[in-house]
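After this come two complexes, each holding chain A, first together with chain B and then together with chain C.
Right, the complex of A and B next:
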């Protein structure tokens, strides 16, 4: 089974998680732990970079759903970027783009964080 | 043929045993005829020698002695020697009184009796000598017997012929002396074979010692009887000498054995103890291999440890990892009162600083010294204690205690032995744990199998019959239980049938429980609400409250209206519906918008859900599937994918539904090359067959 990796990258406001490999029922706990650590540190602006992700299963999708409520209650958000078509298709079928910001590049995602920090929770309606 | 020879040999060997008796009879006949004269005498002695020689198998083949053990031989020697000695005393009296004469009945009886006793006793001694035998043992014993026979013959027939022989210059006395010397050397050599003493325990050694002391005068008295006024000699000089030599050997053996016993007595206690240690460890390890109940094993360990170390009490405590305390598991010689008191002290503080050192503690004066005070609080009459930690690979799992009322009660060997018992106890505990976990695994596997059967029972057992349609479905689970499901719910009115296909996120038991729940709910809602959007909206509101926040369910809920010939459906985040039409090459991928159930608790789900309607024509086939089909991977890690699925479906669309189903499964099997199934896989096919119906 392909390995799964999370690389964390903090700047002053946003934490970027670059995820790579296979995100499924076996590897989902790794990502969960990483996100829980962020929440403990009070970092609620999370940007997930999907560029290197090869596969995501329903359990992988569940990870994002599990924390979104808590993150948004704390004026933060989980935004997603740089998904390849296959991964985006999985999110799209489920209707994720209705609920989450899924954008093509990192800069756009950061810009959205800035917008929302101005007091507006922006949801992309796809 | 070989069998015949065998039987013949066996009969012959039996006949040979009769031969000595025949010879004895011949001698008696010779005697009664009384030819007199030297040559007849010589022949008579020679015949007797051969007779005795032929009797030797009686000595050598006494296999029954091996089964009956050493004690039997020892007892036999003791009683036979004493009895014969007393008898000899009586015979000497009778002989001197009235029955003098060569052929007297007494002499004949006494000769026959003593030669029989000698043969039996030789058998018994041989058995003792051959214990722990070496290559030389049997040889020495045989040499002794044969030389004894030869010398007795020479001496018996002898003295007058010796004088005429070329050896006469040596002198008869000297020759006799040499012969006796050689024999005595052989007797002594054989008499050093006393290994049977090693196998006696202390009590038996003492018994043997006193028995030997009592026996010795009788043994030597017998020798002196046969060497002096021997009436056997009057019957046959050869037999007289032979028997005399035999009793000399018996006396020498008894004497040396007695000395050997005396040498062994001081160490008998230690020897006994070592034997007991070995036996107890052996008993313990053999119990270990058959007994898997921890409590019974612990009781056995404690019992043996107390016995072997001769402790007044012994007990075993195991650490309960959950409660962080020591539990009294097994004990020997602890009163109810003491046990109750001990349990009251069952907190982990129990001499903790001493016990955490992970080393065996020997406390020779419990009351005087400070450490291990807690024990003396609940056990008053304790002089010395040994505490051995039970160390498994990673941690200490408990302690074995042995206590004596006396101070300084434990020797170095006791402590080592207790260590050995503790090691066995560790194995016992680990073994039971392993067995318990493997039994648990078996049980879980069994329960999973039951769960699988139960889940398979949730799926429709047969395909619904709807006029004008053929419906086929299949569901394969990756694990014993899975999160995929499909269902058919016939509605009463208008020839309508609800078809659902669903997929609960995640895998295994959790997904299976949610699957059962959603199935029940959809079934109930379908019958009351019927319409796809209404049902799904309601289901989402209920289920999103129940579902864990990181779980969701994707569904297609469709309704075939047999009367109006249409299929109305909603897609709640599920894979799209594929539609094959007879007059179009391409497969239509129909994907109305809709969120997965559980993603949102109501408002957004409701606004996004779109109902789609397809008019049905004959020859059309609808395919509903779950992502297990598209996410199936080949060994190279490549996914089967939506595109391949659509292509395969297109190539099969003209076939009947059952064949399309099989074709799809076969294509996926071929692709995945039978590599492991990662996800559940479901297909539902609806085929419109009624050609008379209008489009």
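Right, the complex of A and C next:
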């Protein structure tokens, strides 16, 4: 019944969460648990890959809001990449790009983790 | 792609899209809120949606608990240490409130909210009661909440209230359903055990069933069954270890018995202030004492140890055990009554047999002796009585008649009666003189019976040819001799009742008779009968009866006397054995 999936991929600096399917009220708690696990392990550099995500609801957006402060207080960040147009439109309409780095490809996002350790950087393509 | 993102279209288009998104999220929200019945998931979704929609990074949800305190059940972007924190809030917190607008009387709530940099409080009401509170942090960039956002929040709070209410009802329903399921299971168990209990009248089996059921259904380590037998509480079953060392025969445990006897309801050993008795029960490993009663009378107690899962007994379990134990007690009582009835039946069977033997000792058919008409009847008050009558034809047309009354009733009296019957039948042909025979019978009875057994006896030999009779009266109600000329005469000569003193001599009297003379012999069952006004029938009753009935045939006289006695007593059932024997010379 759950048409949502999170695949986690750690390297020495960044954890990538590849999310797929529908992120809505029903599936949001799955992603919350996954992020909470990362924070417990002290992994604060989180890259979310949206390539396979088909739909996101407001509740799904809320998941990212709930952890951003704690992540940043620990010198980490939640960065997002590879959103399709429809999903990006949702983030954009609500004003998320002012708060999050949302970039087109994964490498760009990884590069930003290096930069961000020297200070906040706005979206490259802004 | 970047270019696409950089050209969000005209302002109108963007506004339209925002509007669409808002509607979409409202639609999704109400769909979710109404489809989920899990309180936590409803509120989690609500908070996430608000945070996502308004880009807020901190929030919490509080829900009213049974004790009217509000407990934090969800935190996001706040320290998890606040989870399960409880505080009070007033029902009159209305509409979405900015932190600064929270009344100062909500001190605890206000300071928590301020310290956690919560910007807005969204109260959720059901009717007039505050049932939840959602706290939201400031928006990114500290932008202020717009009027339309306030409205959005207010309407969301209404939808949430309904959903929460539904979730509550559902939870309650689930609890009730679980309780119902459990009750049904308990009832089924009771029904099954009841059927088993009904299938046996064996006490040992019933007790085994009870302890098996208790230990099996409740998973209890130790079980002890105490039943009152012959007024003493006795241990009839022990299961499990440790508890078996308890010995209620010790004098110190009398007090325990008394305490348990007065116990009306199940007693949780740890549930009351400890006294010495409870301490000793606890030391034996007893957690629960369940009294067993029949009507109000204490009949036993079931002592139970801890459950295997070490959880305390809850009220439902105690009630179940109470019902089960008392159900088993009823079966035990049935078994006891059945046993009693069996024993009674056995005694009755024996009595019936004795009655049968006794009735065979009494003559059935009047002898055909020229010149004499004889009729007799005997009505024992119980199956076997102590009355005896007989007639024995002798040589030369003579006939001997006997009426006797053995003290007491039942099997003992009937045995003595059998001795007398046998003695008379064997001695009658040896002795020439009735007084000698009676004296010998007296000695025989005295030597064979205890002192409290005695017999009154009237013996008469009638010679119709010579028109005379010789009788001996050993303390018996004097028979009445009614002459043809209507004079009456009491036949009271003889001596002491039989069986009291040995070696007594008796005096026989010989009387002359005429044709038509009537002798009526009877026992005290006739004369001592009383009516409901406590008046005695007496010998006068017999005399009066004779005056009015003297001309009837002898059988009718005997039958009519019985009828008269019953009419007098106003009862068909007579308290004492009754014997009547009539003789007429013709």
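Quick note on the criterion: the second predicted complex is superposed on the first by the 115 of 126 C-alpha atoms of A that agree within 3 Å, B and C clash if a C-alpha of one lies under 4 Å from a C-alpha of the other, contacts with A are read in each partner's own complex, and residues count from 1 in each chain.
Going forward, a residue touches a chain if its C-beta (ideal position, glycine included) is under 8 Å from a C-beta of that chain, and two chains touch if they have at least 3 such contacts.
Just so it is clear, the model here is predicted, and its values are computed rather than measured.
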First, second, both or neither for A:85, with chain B first and chain C second: second
Touching partner for A:29 - first (chain B), second (chain C), both, neither: second
May I ask you to decide whether A:95 touches chain B, chain C, both, or neither, giving the answer as first, second, both or neither? both
Partner chain in contact with A:106 - chain B first, chain C second, else both or neither: neither
Chain touching more of chain A, residue-wise (chain B, chain C): C
After overlaying the two complexes on chain A, where does the chain B footprint on chain A coincide with the chain C footprint? 24-25, 57-59, 61-63, 65-66, 69, 89-90, 93-96, 98-99
Show me the residue ranges of chain B that touch chain A in the complex, using the header's touch definition. 503, 505-507, 548-552, 554, 573-576, 591, 593-596, 598-600, 604, 608, 627, 631, 637, 639, 642, 678-679
In their shared complex, at which residues does chain A touch chain B? 2, 24-25, 55, 57-59, 61-63, 65-66, 69, 86, 89-90, 93-96, 98-99
Touching chain A in the complex: which residues of chain C? 1-2, 4-6, 8, 14, 17-18, 21, 24-25, 28-29, 32, 41, 44-45, 47-53, 55-59, 76-77, 140-141
Write out the stretch or stretches of chain A touching chain C in their complex. 24-26, 28-29, 57-70, 85, 88-90, 92-96, 98-99, 104, 125
